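Each of the two complexes below includes chain A, the first together with chain B, the second together with chain C.
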Partner chain A sequence: MSGKLYLARNKSVAARLLGDEMMLMSGKDSTLFSLNPVASIIWNAADGATPLDEIVASRICPEFDIEAEEALRDAETFARELAGHGILQVSDEPIARPASTQQEPK
Partner chain B sequence: MSMLMLDMTDKALKLRVPFTVQLDLTYRCNERCVHCYLDHDDHGEMNTAEIKKLLKELADAGVFILVLSGGEIMLRKDIFEILEYARELTFCIKLKTNAMLIGDHEADRIRELGVESVQVSIYSHRAEVHDAITKVQGSLERSVKAIRFLKSKGLKVIIANVLMKQSAQDYPGVQALAKELGVEATLDPTVTPMMDGDRGNLALNIDENALREVFRDTGLVADVDKFCAVPEKAGDDTLDFIPCSAGHSAAYVSPYGDVYPCVQFPLPSGNVRQKKFIDIWNYSDELNEVRSIRVRDLPNCSACGNITTCTRCPGLAYMEGNMRGPSTQDCEKSYARTGIESVNLQKKKAGASAGLVQIRGLGGNSTLVNIQAVAAMGEGASA
Partner chain C sequence: MPELTATAEHFSVLIEIGGVPVRVNTTNAEYRGMLEERYAGFTAAGGEAEYEFEVNLSEAGFLDPDADVQVTREANVWSLRRGDFLAEWEPERRRGRIRQTPNPYSIDSVLRIIHTLVLAREGGFLVHAASAVRNGKAFLFSGVSGAGKTTISRLAPPDAAVLTDEISYVRKSGEGYTAYGTPFAGELARAGENISAPLAALYLLRQGPENRIEPVSAAEAVRALLGNILFFAEDAELVRTVFQAACEFAAKVPVRRLTFLPNSSAWDEIG
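Entry: the complex of A and B
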């Protein structure tokens, strides 16, 4: 990855934690996704202000036995895939959130 | 339903998470549908703050699919405030409405708020039939116009059509209308009894022959032979099934805060004005009783030849007097599908054939002529 990548949850996405899986439904086409625990951490941390490398370093690597470089590569692939479905916004600059900020899903 | 949604629903069932909740925001309505099961007076519906508090409790309890219905939800002046808050809480929001109050502006806002789908009731493609059912002149035109607005914003719209005697021949027309509008259409051949127990509106149900035709309509049923086949015999696995998701992964909350297993299962299980939703969900004796029931515990139904394909509704059974008993409307639907008469229907027929006039002694020489058998036969014929 060449530079910083910032992620923000799309406000029209439905999301809920069910057991250890995060369920997401795209507001665009009602496609349903289920995220594993690592992907759920990225989703929850996607506040538009924290860069992806920091999310990986501070919240994924300490919890899962994985190298930072490999984790970051996987995380970026995941983020761009969700962005393709309109679930996440991805930018190389911090993403401003609307005044009515979406709450982190339970 | 996608495989993933089925998996998630199954997981919610195992974890006993209330995956889907229908919340009726009001029973007030701007239509007066002849088959409706509700009393439309306002007996003290929850205010905005109470609704918001409940929504937070539902999110905390793990509710994913939130169905907002009524009455007519657009009669609530705070509907968009409620929707905005539900959006913040990341629900998958589905709306049920007659859409008569949805114009271009409202459709825009609904789209902005990420509503997953909007279900609109249409009973006939002919205004004279639809409007006679809703008792509102021009209602079909207004609902269809709203569907066009909603559709033009990119929203998913579903037409819900309840089959009744007066509209039984019109469902192909409604299907064609849905196709023209580019929306889905569903068909429900069951009129639900009034929530207060009055069963008078069941006389509107379509008859056995009409049901049989609907179930054999290749325009509706992809594989009629399979759908109407004699069901497989129930094995132990079937008998261990739960009869329905009501109370297991689904619940209903009325505008007054009453919690029931389902909108069609009016077993009072607690009130969110007195207790937190999660405490009602976890500890209500009524919900726990519903959860304890398995198919093998149903005295009539567990031995019925239709048990593996029957759509028996425990709520309709409850409204007939016994949540473990049969639901006659579903017995009739199964009979129309498979030709197998349930024990319940056989009993009703046997009761009816006892004769139109029964005479039993009242002691001494007096007699009482009653019409119980006539009533039983009438019920069997109309439901």
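Entry: the complex of A and C
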């Protein structure tokens, strides 16, 4: 990854934590996504202001036994995939007004 | 010479499914007869309608016959279309119009779509599921085509009333849910009983070598439910509403996997 990558949750997405699975549904095409614990951390941290490398370094690497460079590569692939479905917004600059979601705790 | 005028005779049929009375108006006596026959057991002689539709029968050719169903909203007006019908519905005015060819399937589809939209606003839904009432409690049996919805309905014991073998009607009621009978039949080819009961459980159907009931996780329940809820609208707000409705349902209603032998012993596990 050459520069910083910022992520923000898309406001048209419904999200809910069910057990240890974060489930998302795209309002755009009704696609249902199920996030594993690592992906859930990225989703929850996607506030538009925190760069992805910081999310990986501060929240993923300490919790999972994974090398930082590899984790960042996987995280970026994941973020861009979700962005392709309209779930996340990604930008190389901070996203000024991160959209909120209807996320509700279990 | 006095002015010549002609007034078409008007007929109407009040179709009440899930406690939601919908009046369908037509000038065609034959169509009225078809409605009364198709929705026998779900029509009312009189009373107030919550929603009212005017039906205009047309010959085929006003739409692309191969067009898939499309449900969209612009401001307060819902537009429903498929190769055989074109409809508009204004929920606030409680009125709508349907243009269709003279066949029973178009109105059936329009009614299903309207009910999905009505139910979504209150946290309920139509779902691909058989349902039945036993000992005052309703049970849903959900699954894709071939999973066993009609089979489990056929195997229902005499003390169980089948609500439908194809499309179940679920409404929120207080802290729980109520299942209603529907005229939407599958292979059983007969309307369900027009009764309702508090919903006790949802079973995800699978035919197998033995009868077995297993718990499913909340996430699996929501995934299965969303895969079977009837949902047509291309509308982000409604997508979120249906998603939250499925999550809430899975949190309140026991959802289990039912593997069953296709014989009457399957019902030993239920009720």
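Rule of thumb we're sticking to: the second predicted complex is superposed on the first by the 97 of 106 C-alpha atoms of A that agree within 3 Å, B and C clash if a C-alpha of one lies under 4 Å from a C-alpha of the other, contacts with A are read in each partner's own complex, and residues count from 1 in each chain.
The rule is short, and it goes like this: a contact is a pair of C-beta atoms (placed from the backbone, for glycine too) under 8 Å apart; a residue touches a chain by one contact, two chains touch by 3 or more.
Keep in mind it's a predicted model, so treat the numbers as computed, not measured.
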First, second, both or neither for A:16, with chain B first and chain C second: both
If touched residues of chain A are counted for chain B and for chain C, the larger one: B
Partner chain(s) touched by A:25 [first = chain B, second = chain C, both, neither]: both
First, second, both or neither for A:38, with chain B first and chain C second: neither
Overlapping contact positions on chain A, where the chain C interface meets the chain B interface: 12, 14, 16, 18-19, 21, 23, 25, 27, 30, 32, 34, 102, 106
In the complex, chain A residues that touch chain C: 12, 14, 16, 18-19, 21, 23, 25-28, 30, 32, 34, 102, 104, 106
Contact footprint of chain A on chain C as seen in their complex: 217-219, 222-223, 226, 231, 236-237, 239-240, 243-244, 247, 250-251
Residue numbers on chain B that touch chain A, as the complex places them: 2, 4-5, 7-8, 11-12, 15, 17, 19, 59-60, 62-64, 84, 87-93, 113-114, 116-117, 156
For the chain A and chain B complex, residues of the former touching the latter: 11-19, 21, 23, 25, 27, 30, 32-34, 100-103, 105-106
